[in-house]
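This is the structure I want to talk about, given as structure tokens.
Should a chain be cited, it is by its letter among A, B, C and D, assigned in written order, with residues numbered from 1 in that chain.
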């Protein structure tokens, strides 16, 4: 599904990622690491929002190293940034509608499926997304991405700042969409324990480099602590 | 020779305003889109005082300078801590107000009829000699402004101004009271624009509101941007290539067919616009480019280099 | 009462222009001074169809406005998009638009000269509204201004295009990763804003005359009105653009342009200072922990 | 408002010993989200202190509140130095810098028109030098300044000190040196080593240790490279969700279960 090889990227002349390689199948793939490890930078780069200064990126068999973000979206990659992940001035309905620009199925059909996942959203459709609480905002953000009918979804710390209740709901929702909709997921999280509980494999980043990639079950506390420099 | 003196006076005025704009925009990052407002205020104040109230020219010029400075101070106080777009719009609006003021308050300014005649600041008996001397005075003032701008390159104050332009927040975090510095510098440079305008009153002698349209502001801007806004001689080069070529070379030395001659000022402004587009797209730093870096002129830096060599 | 009605009528094109200008500022985030020439171009296109080709005035409006829209989109594709791609700064973008404005304005002058053109309206019927005489063209201007304002509102708030425009304006990165093609959407915005500007130019021309400084004389007011109106939301600009436009027109009629201008400048500074104080708390939002 | 020496100080008994920052009931929220919520916190009682915590803990905002780049919703931030006590929340960011409370930047900040040396000269020039009419060479100032600058240029390697800072590392280092030349008395460092080569990081930290030992400088460091925190700091504040949850020596904090829980999640504690 996604091939990443020797990826280098960063902001301006600051290199953050120094050669990241991994490949992704039909799975939930966790990206772990302390803050500053490069998780967000990696996801942003995968969504093609940051210039790639080295290495290559292949999505569904096509080289997309130089693709524009909206083309990648059309090819089936959805991205939920950590911050500013909704259009604040637009209503919830409009946010979801923008997600529905891609794909062939009707918006109504997709909305119905979405309401099954997030029943709470249907009551909020006319509200401006910027006025929602953290948890609801996060649902809209993920919902907008799901409306794209993607085959791969990149989630950047979706549970950051959420109460444990919302976070748990979100984690189980991620499992569900993977199982029922057949989506592949790249999930960047700082909170390792809950993430590893739902992920198949995980990668720990440390200061812009891969510290370890392994089956989620194989990552024990010691190796995590070492990876996080705790 | 005599035919050259008047256009050269005008050209020197543009150079002076260009250097002042370099100090404001190129060095400090203050986007003054109302150059003609400040020079125009100085021009008409000088003119009114000299013509209507028979104040001696030197005193009138002094009052005009102070008044322009005061107005700039008050305006700066209100706008200089707003973002640069707001400064741009407000200064442009200010210059429009000065234009309307001059047009509508005809009891004072004679409006569109025109105010005249502003005499030359001095008369040595012979008109053409006086004119030539006046040109030399203007050139000396332009030279003084250029020397000042050049000295700033290596003065702490010059570095401070650059720091405000580049990153005002960072400059503040290094303990620099940036707003106060901007306000003082804006006041001083605008007052100088007023003084230049006062001298320009004497160049034009007969003052009409048409002298105060925004076109003058943009001619100065085009000259500076074309030459290189961060470079001391940017305004000089830019003025020579724009106003110099059109108002002097073509006007005086090229035999333009009569039916085309009428269109010349129009074509000139059209080409100025085109130039501005091309410069911003292809050479935004201007013809002179980025500032070249000479080794720092400091005693120890030089001596250290010698030791190393 | 007279002045109010005249004010309302004169404000109509101003509001149209403010809407068009806002759309561009809202989307691309820079002050497009060359919008003045879009306004002017609408008037000249209409003159071309009306007095030169002899087309009925009301029939001339449509192609003229469309051409103004096309011209506006062309300036985006040929000048502004390349500049934005090169990462030209905010202030340099304005300087660039000033350059384009000079080029276009004086090109118009080269072709049409400094003559004043008048529209040829075959049956200018005079009506009386609350005792004030107005022409049918003026009524049409009002009606069209209202229609366009409503249309612009519907476009931005009730269509998927509008969602895309607002999405792109509020968060360009998120819009792109949601599959919105930034180029297509931008061209659409520039076209629509050009149509609005062109219509504004036509009606200003109807009320007085058309010459090459038509848009230029207005652009500063348009800029100030739109910024005062609250850039950042089309809705806000519609409402405040209308209100300020009317206020300015009334003021211009009551006193001379000098005081209207002074009033506008003071209002502009006051609003921006107030907003800057509010923005300081917004700016701190960016402060990441 | 001219230079650190004349910064306004309310009368008060000079506190004995080093400089500290006291935060009382400092609260900051954006929208509905609380970013910083501190009851009572003393910073700077030890030479080099660390401030750590997971993403979104409010660390940078805390530093920005101290330098008053961000205004708190409520609360008092006092700066105690041997010269007296100042309420920082009543002063502008530039005045606070002149008092000696200085912050380095997490995101690279630079003056693109200035060379490295000019940038450092900017730090050294005070209000006496920065007058618009002063354009003649001030040899005495330059000699003094160059000496000070050369001391640092001897330690750190820049490719061309008379050119602009090239790499991200050079800019980052320059940012730190600019702050040091202000002769700060309380230095806040926001991720000083991000983008800095290891070699230079070591030199910076070595210099910081020397400075805190030889002068009365206090330092607070935010750093994601926790190895550096454990190795350099004498005292560590652990922050999460806007609150200070733990304080203590590096080994105390490191072994505390709360820290691992906040970083890794409950079951990995």
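Some observations on this one:
Everything below uses one rule, namely that contacts are C-beta pairs under 8 Å (C-beta built on N, C-alpha and C of every residue); 3 or more make two chains touch, one makes a residue touch a chain.
Predicted model only: the values in this text are computed from it and were never measured.
More C-beta pairs touch across one of A-D and B-C than the other; that pair is B-C. Chain centre most remote from that of chain C: D (centre = mean of CA atoms). In terms of their C-alpha centroids, the spacing between chain C and chain D amounts to 48 Å.
Centroids of chain A and chain D (each the mean of its C-alpha atoms) stand 34 Å apart.
With centres set at the average Cα position, the gap from chain B to chain C is 31 Å.
Centre-to-centre spacing of chain B and chain D amounts to 42 Å, using the average Cα coordinate of each chain.
Only residues 47, 49, 68-70, 72-74, 78-79, 81, 84-90, 94, 97-99, 101-102, 144, 148 of chain A touch chain C when the two sit together in their complex. Interface residues of chain C facing chain B in the complex, by the touch rule stated above, are 31, 79, 82-83, 86, 88, 90-92, 94-96, 98-107, 109-110, 220, 223-224, 227, 256-258, 261-262, 264-265, 268-269, 272-273, 276. Residues 160, 163-164, 166-167, 170-171, 173-182, 233 of chain C are the ones that touch chain A when the two sit in their complex. The part of chain D that touches chain A in the complex is made up of residues 32-33, 54-56, 108, 167-168, 191, 194-195, 224-227, 254, 259-260, 263-268. Within the complex formed with chain B, the chain D residues making contact are 1, 4, 67, 69, 92-95, 97-98, 102-103, 105, 109-115, 117-118, 121-123, 125, 129-132, 134-139, 141-143, 145-147, 150, 162-164, 178-179, 182.
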